[in-house]
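Below are two complexes that have chain A in common, paired first with chain B and then with chain C.
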Partner chain A sequence: MLEELWRWSGPFLQGSLVILLVFLVSLVLTVIWGLIGASAKLSNNRVARGAANAYTVIFRGTPEFLVLLLLYFGSAITLTALAKLLWPETRFVDLSPFWAGSIAISLIVGAAATETFRGAFLGVDQGQVEAGRALGLRRFQVFMLIRLPQMWRLALPSFGNHLNSLVKDTALISVIGLQEIMFTADMAASTNSMPFAMYFTVALIYLAFTTVVTAVIRRLERRANHFMLAAR
Partner chain B sequence: MNISTKWLFSALLGATVNLATAHAGELRVGIECTSFPFNYRDANGNYAGYDVDVANEIGQRLGDKVEFVCQKWDGMIPALLANKFDLVVASMGITEERQKKIDFSRPYRISVGRFVAPTGAKLALFKPDGTLDPEAFKSIKVGLQRSTTYDDWLKAKMPNASVMRYDTVEALFLDIKAGRVDTIMTNPMKAHDAFLSKPDGAGFGFVGPEISDDKLFGAGAGVGLRKGNEALLAKIDKAIAGMTDDGSLDRFSKKYFPFPIYPRDWKPATTN
Partner chain C sequence: MSFDIPLMALSFPRLLEGLRMTLSLLAVSLVFGLLIALATSFARNTRWLSWPAEAYVYFFRGTPLLVQLFMIYFGLPQSEFIRTSPLWPLLREPFWCMCLALSLNNGAYVAEIIRGGLLGVGKGLKEACWALGLSRFHRLRFVTAPIVLRLCLPAYGNEIVSLLKSTALASTVTLLDVTGIARTIVAETFSPYEIFISAALIYLVLTFLVQTIVAHFEIRLNRHAQR
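Moving on to the complex of A and B:
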């Protein structure tokens, strides 16, 4: 068994790097969707509020698996049709499994992050914002210097949960053909008939991954709260 | 560059909107990559198996370069229709249901099913006349791979059977070993290679005869392609006919099985 694990260690390592890349890309996208969504929900613009509500309703209310398949297969058909309108000789336009998968899981987790960020923004005392404006800071400066650093502290605990969902959602992407560790385990089990050992390896890799993410979040929380502790 | 670094690079380089269209002279072939010994990858990333040999030989005879794409079974037809690849050479059974969506070449592999169960349980699934015994199915659980022709077959023959559906055939073997299902219905070639001939399969054996059903399992497995590619279809049919006649398919069969797995007396359906 160890011999088989050693034989497949290369593909498992490459697969781990793939999920790490998917995680990092979708983490950045999740934060972007979450901040845009939360800002839209808290804005005075009715269209922005409606769009953000539609976004969270759709992506929190549909199975992750479905979103992934729709984005991957749907994008190929839609993009090809669009490209054919512009350049009739085009045969095929495609969104790669990497990007289709990263965008899909970031949209899903981003919808949850939207609500987390919205709640956290509301948790920042309105007096802080007014004080910033009174000091002559522009709206953008108030956002970056006052609202964002303070909402972050409130958002971190549930955002840590979102990150763990993000890690685990990377396992779904094998369905659209990205060769991450689930897919590696499928391939290995297919030839060596040791599915248990192979899937157990996948479980251990994911556990290691989520353990690191949880530890990082704990450090960030301590950091975000350190001035609160000092004041106590 | 070693093969595994290439995997990573392909993941990264593929990480852009792929504006490059499918080139003429290149056939992108969809396979599962997890279906030993029909289509699989070894630890070094090499593609191998009966389907892979057939696809490579077709490419050679058509003068096209073959590029394989790994695709999970559930998404195989959607991916073909979405132009993720040009051909499916993944032991896909030719069925009426599938022919509504895609075209098939003539078969290059037989399609049959067979039950596997612990030999000690002495399951009698069939009546003496060779039909399924409804009594036997009242108290047992049958394991099947989801979206396969075996699933359709059992649904048609034994609608009341209690069935557990799995994504991979490996999960089937895992759960019959664990005793979570009493019998599984699957491809006998696959069962022989991946389970019965291995230490894990000790104490398990085939139950009943090989089951063929032209209406559901079809005449066998063929090459799948999008509708409206008649010229390509004709070329592939010609290549497979040639491979049947000159013994190439026999040679590929014997690489993986002690018996031939290609249709030896296939005749095109007569049309009038």
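Moving on to the complex of A and C:
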């Protein structure tokens, strides 16, 4: 069995890098969706609030798998139609599984992050914002220098859980054909008839991944609360 | 590109046929998941069984459900021991493999929720029970359990919703739940928007129902706090 694992170690390593890449891309996207969603939910604009509410209700109430399928197959149709408008001779255009998958899982986890960020922004004392404005900071400066540094401390614990969901959701993308570790295990299992060992390897890789993410978040939390240790 | 409303209306009854599979998976896994979670919580507080229980929770919370499902569905038949065991007629069926994966996954998450709830029971209450001379069973029945139930219910409600969403993976092991039927229809018509959005609507309604029912129970359990 170890021989077989050794034989497939190259593809497993490559697949792990693909997962890492998907994770990093969707992490950035998740933060973007979350910040936009939270700002929209807290804005005075009714349309923005309505749109953000619809976003969280829809993406938190439908299965991740369904969103992934909808985005992957839907984007193929939309992009092909668009491309045909511009260049009539095109036959077929689609989003690669990598991008369709990254966008889909980031939209799902982004909906959860929206709620977390919203709560965290509400946790920042309004007086701080007013003080910043009184000191002559611009809105953007208030956001970057006052609201963001204080809200991430509050958001971190829940955000850590979201990151773990993000890691685990990357496994779904193998279903639409991304060549990551699940895909490698499928291939390996079909040739060496050791499915359990192969999928267990995948599980261990994911376990290592989530363990590292959890440890990093714990460190960040300690760092974010550093000033409180000093005050004691 | 156009949005085909008649096709949506036409395929809706077919999608609803998958509801039976989705709800069966949900119901079976809820029951077994809760039993596993209770057993795990009990094991965590014993001396010798606590580390296997911790390992179980750690493993099933740290790995994707799809991997767990494939380990069970494709992996277990690899072993001669499983194929000769009395459970083989069940484990041969994709339905029971899916239920097993969902229950084990759900059990680990719920065990963690119960742990949080148990931590929320004040130490003073335990001492008060001692002072009143309650037996261990009575303490569990009349003091600990009601408080833990109240503390855990909101998080448990979220877990039910996430279990419901997880049932969508059933189509990866050939089961025809709502998502499975949606995939079949999309393969026939290639209209992903109409069909997948119809399926999403069904899940949204189910999510809403679960949340409403859980909210109802939350209000009921917190009657004492209302005036």
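Here is the rule we go by: the second predicted complex is superposed on the first by the 231 of 232 C-alpha atoms of A that agree within 3 Å, B and C clash if a C-alpha of one lies under 4 Å from a C-alpha of the other, contacts with A are read in each partner's own complex, and residues count from 1 in each chain.
Throughout what follows, a contact is a pair of C-beta atoms (placed from the backbone, for glycine too) under 8 Å apart; a residue touches a chain by one contact, two chains touch by 3 or more.
Bear in mind the structure is a predicted one, so any value in this text is a computation, not a measurement.
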Clash or fit, chain B versus chain C on superposed chain A: clash
Partner chain(s) touched by A:95 [first = chain B, second = chain C, both, neither]: first
Which superposed partner A:211 touches (first chain B, second chain C, both, neither): second
Partner chain in contact with A:182 - chain B first, chain C second, else both or neither: second
First, second, both or neither for A:81, with chain B first and chain C second: second
Chain B versus chain C as contact partner of A:69, first or second or both or neither: both
Touched partner set for A:195, first chain B, second chain C, both or neither: both
When the two complexes are fitted on chain A, the stretch of chain C hitting chain B, from 81-89, 99-107 or 117-125: 81-89
Shared chain A contacts, counted only where both chain B and chain C touch the same residue: 69, 73, 76-77, 174-175, 189, 193, 195-196
Contacting residues of chain A [partner chain B, same complex]: 7-8, 10-11, 13-14, 17-18, 21, 69, 73, 76-77, 79-80, 90-99, 174-179, 183, 186-191, 193, 195-196
In the complex, chain A residues that touch chain C: 57-58, 60-67, 69-70, 73-74, 76-78, 81, 164, 168-172, 174-175, 182, 185, 189, 193-200, 202-203, 206-207, 210-211
Residue ranges of chain B touching chain A (in the complex, touch as defined): 2-5, 7-8, 11-12, 14-19, 21-22, 33-36, 40-43, 45, 69-72, 74-75, 78-79, 81-84, 168, 170-171, 173-174, 194-195, 198, 200
Of chain C, residues touching chain A in the complex: 1, 58-59, 61-68, 70-71, 74-79, 161, 164-169, 171-172, 179, 182-183, 186, 190, 192-193, 196-197, 199-200, 203-204, 207-208
